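The structures considered in this document are given below.
Next come two complexes, and both contain chain A; in the first it sits with chain B, in the second with chain C.
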Partner chain A sequence: MRAFNAELSKLFSLPGIWLAFLIGAFAPAVIAALDSTAQKEKIIAGVSTRLSEVGYIGLGLGVQGVIILGVLAVSSEYLTESSESGGGNQITTSLTVVSSRFHFLLAKASAVTVISILLSIVAILTTVSATNLILGEYAPAFEASRLIGAVCYWIFTALLAFGITVLTKNGIIPLAVLMINSSVVTVSYLLAKVTKLAFYLPDKAGVDMFMFTSDSFHTPFTGGLIMFAWVAVLFIVAAIVFHRRDVTS
Partner chain B sequence: MLTINNLVKHRGAQEILSGISFKARPGRVTGFLGPNGAGKSSTLRILLGLDRATSGSALINGKTFAELHNPLVTVGAALDGFGAHRMRTGRAHLRWIARASGLSRSRVEEVLEIVGLTNVAGKRVGSYSLGMGRRLGMAAALLGDPKILVLDEPVNGLDPEGIRWIRTFLRERAESGNTVLLSSHLMGELEETVDDVVIINHGKIVANGTLKEVIGNHSTLEGAFFALTSKNAGDVV
Partner chain C sequence: MSVSSSRKITLILGAELEKLVTLPLVWLTLMGTFILNIVLAAAFISAGLQGAAGTQSILKIGLASMGYLQAGFIILGILATCSEYTGGQIRTTLTTIPWRGFQLSTKHLALAIVTIPMAFIIAASGVLYAFIMMRDTALVIEIDAIIKILVGATGYLTLTTLLSAAIGVLLRRTTPALVVLLGHYFIVSPLLRDFLPGIKNYFPDTAGYYMYMPPSSDDINVLTPMQGTGVLMLWTLIFITVAIVSYRKRDA
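For the complex of A and B:
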């Protein structure tokens, strides 16, 4: 519990994390608002085929906030100080304070999970408000089960970012790959056009937890289970590597 | 008490430590000396559970680092660099460490006072000078008021005043019964600080004894050091 408190304290005292909060809280609402505006006429005319997606699309595409959170939680430990200061990094301090590496990793992952939950709740509030504001009485009803799916999607995405960064020890690669994948070019979406196996990729399966579209492949529960399995496997691999690795190497 | 027993470390094909053994005892300042790359930092990192030994053991009061429940109250460590994220303030850095070890916020203010950083505690670590960063590292090591201190090159980058402060401070810690192990490649600075000396060269211990024993017939520690590290390692004092 002490290690968990320390991890929360670390995250909240890092300026970069406020960027994650800002993006996490408002990016989904902005995306949902733009989409709602674009769809408004069709929805009012009753010809929109995407009514079930409206609003939720913001929660699907707006996960950048928790990606930054997951990456930064780990990469901040490995950020090398300037060479004049001796080229140290924070991870040496962290591991001389918490002697069990597994506890350290668990505490950090728990802190990321808790902040992701809070952030996703804020995002849901802003997104639902934005959608209702624009569509008024035509706004789709937001069901609790789907919103819980969205929360899970955010948590799992943050933990995937977290696990990958434990392996790379550097934030730039996971940040670039995950941010681009979640917003600009979705690799799994393109692959899904080629092979059905792509539906088992974590982001594609995870989206099925709350986005019910014509190309949904899994039930929300199965989708969630598949994404969770990815998270679990990645976390186990990351924990083993982290446990065995010399801090200096 | 710190006990290093037949420690071997390989990194790739390279042998960094070739079976080194020594002790650092309570009530004494032990100087762990050697040229750059001799294996000093590797030894300390293994002792602190950061790196893994290929074989042998490094024990803190008879336990490995991983077996310590709340390590900060047993052993305080300051390794290379500041050990802090540059965007965080010095105070915030010490606060998360205190939180991880169940220590109070007032203890953070105490150690800031001890190392003389109170005035700059609200500034980001990235703006610290080398000397200030090293003091921050010392502050973190002292937070849990441990009986054992492990310091890697503590005088590196300090100004004469800082060196003098470290020297006095470490002598006081040892005289009140604590164990102090510090590594250095600066001989002159250490002669007045240490009681026991362990000299390492190319991953082997080449001298191990009290300051007087190690100096032997040489006029200074520096003289003894160069005599021991320039010829082939072998005779242990």
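For the complex of A and C:
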């Protein structure tokens, strides 16, 4: 528990974390507001084909906040300080204090999970109010089950970012890969055109938890299960690698 | 010791080039981009072959991966400038080269020298791959059209790299610079393209898009390749100027 508190305090004192909070809390609302404005006429006329996506599209594209959170949580530990201030590595200090590597990883992952839950709740609040503000009485009802799916999607995405960064030790690669892959036309979407296997990629499966579009492949529950399986496998691999690896290498 | 100014430029350029080519991450990024490009090109080609055969242009498919490819070059630009700020390298640099504006311009020049051949090779590899795979089905195209488009693609990637380097100087940290640039190129800009069609042609990425995309007749309000180059060049020069001005004023 003390390790968990320490991880929370470390996370909150990172300078980059405020960028993550800002993006996580407001980007979904802005995207949803823009989309609602563009769709407003069609929705009022009752001809919109994308009524089921309104609002949720913001939550789907706005996961950047938690991606940054997951990546920063790990990459900040491995950042080497400048030689003028000793050239220290935070990870050596952290592992001296919490000597069980497994506990350290668990505490850090729990801290990331808790913050992503809070962040996703804030994001849902801002997104729902932005959509309601713009569409007024035409705004679709937001069902609790789909919102829970969105929260799960955010948590799993944050943990994926976290797990990949444990393996790479460097923030650039996971950040680039995940941000591009959560963009408007994703690589997974592209691959899905080539092979059906791409529907089992974590982001493609995870989106099915709350986006019900014509090209949904899984039910929300199996989608969530597939994404969870990815997270679980990645975590086992990350835990083993982290357990065996020399931290200073 | 007094050194003539032309000799000075050669020395600084040499130093900047040396710093750039000895960064291990630069080569990792370029290699990763190359492999990613081939994989994506393979995906696009097999999707294209499944579609209506014969109507697809080799160039369009070969360059379809450009949208993702630019991420590698954005990373390259950011690495080139932000690597100075991890550790105290920037202070060593400025001690040996105490002309800040000069040093930063030379850094951009050195970056362009490294980027241009790499961008050409990577863009050409995609087109070549598409050409080999689709020789039988696709329409035949002339060689000078290919060269024109490849030059456009190379120019686009180089200018994007320089733009990213300038933003890297402004922000000085790798992660925020990466988030800002990738966020713009992959999230904000595609969304704004749909919601604000009026001004979309004046963003650096959409303007640059016309530099390498073969013109299609069904699109209204397009820019010619020259106009696209002009707009992107203007963006890049503005950012480099802002970067140099703030670099000169700021405490390193």
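What we mean here is this: the second predicted complex is superposed on the first by the 244 of 249 C-alpha atoms of A that agree within 3 Å, B and C clash if a C-alpha of one lies under 4 Å from a C-alpha of the other, contacts with A are read in each partner's own complex, and residues count from 1 in each chain.
Here is the rule we use: contacts are C-beta pairs under 8 Å (C-beta built on N, C-alpha and C of every residue); 3 or more make two chains touch, one makes a residue touch a chain.
Remember, it's a predicted structure, so these values are computed and weren't measured experimentally.
J.: Which term applies to chain B and chain C once both are placed on chain A by superposition, clash or fit?
T.: fit
J.: Quick check on the superposed pair: does A:G16 touch chain B, chain C, both, or neither? Answer first, second, both or neither.
T.: both
J.: Taking the superposition on A as described, I'd like to know which of chain B and chain C A:L61 touches: first, second, both or neither.
T.: second
J.: So, A:V194: does it touch chain B (first), chain C (second), both, or neither?
T.: Only chain C; A:V194 stays clear of chain B.
J.: Can you pull out the angle centred on chain A between the C-alpha centres of chain B and chain C, to the nearest 10°?
T.: 90
J.: If we overlay the two complexes on their shared chain A, which of chain B and chain C does A:S145 touch? Say first, second, both or neither.
T.: In the superposition, A:S145 contacts neither chain B nor chain C.
J.: With both complexes superposed on chain A, which partner does A:T219 reach: first (chain B), second (chain C), both or neither?
T.: The answer is neither, since A:T219 touches no partner chain.
J.: Tell me the contact category for A:A6 with respect to chain B and chain C: first, second, both or neither.
T.: Only chain B is touched by A:A6; chain C is not.
J.: Is A:T96 touching the first partner chain B, the second partner chain C, both, or neither of them?
T.: So A:T96 only meets chain B here.
J.: In Å, how small is the closest CA gap from chain B to chain C once the two complexes are overlaid?
T.: Least C-alpha distance: 10 Å.
J.: Which positions of chain A sit in both the chain B and the chain C interface?
T.: Touching chain B in the first complex and chain C in the second, residues 16, 79, 82, 84, 87 of chain A appear in both lists.
J.: Enumerate the contact residues on chain A facing chain C in the complex.
T.: My answer: residues 16, 19, 23, 27, 31, 34-35, 37-38, 61, 64, 68, 71-72, 75, 79-80, 82-84, 87, 171-173, 175-176, 179-180, 182-185, 187, 190-191, 193-194.
J.: Quick check: in the complex, which residue numbers of chain B touch chain A?
T.: My answer: residues 11, 42, 45, 48-52, 65-69, 71-72, 75, 77, 79-89, 92-93, 95-97, 99-102, 128, 130, 133, 140, 153, 156-157.
J.: Touching chain B in the complex: which residues of chain A?
T.: So the residues of chain A touching chain B come out as 2-3, 5-7, 9-10, 13-16, 76-77, 79, 81-82, 84-90, 92-93, 95-100, 244, 246-249.
J.: Can you tell me which positions in chain C touch chain A when the two form their complex?
T.: Residues 25, 32, 40, 43-44, 46-47, 50, 67-68, 71, 75, 79, 86-88, 173-176, 178-179, 182-183, 186-187, 190-191, 194-195 of chain C touch chain A in their complex.
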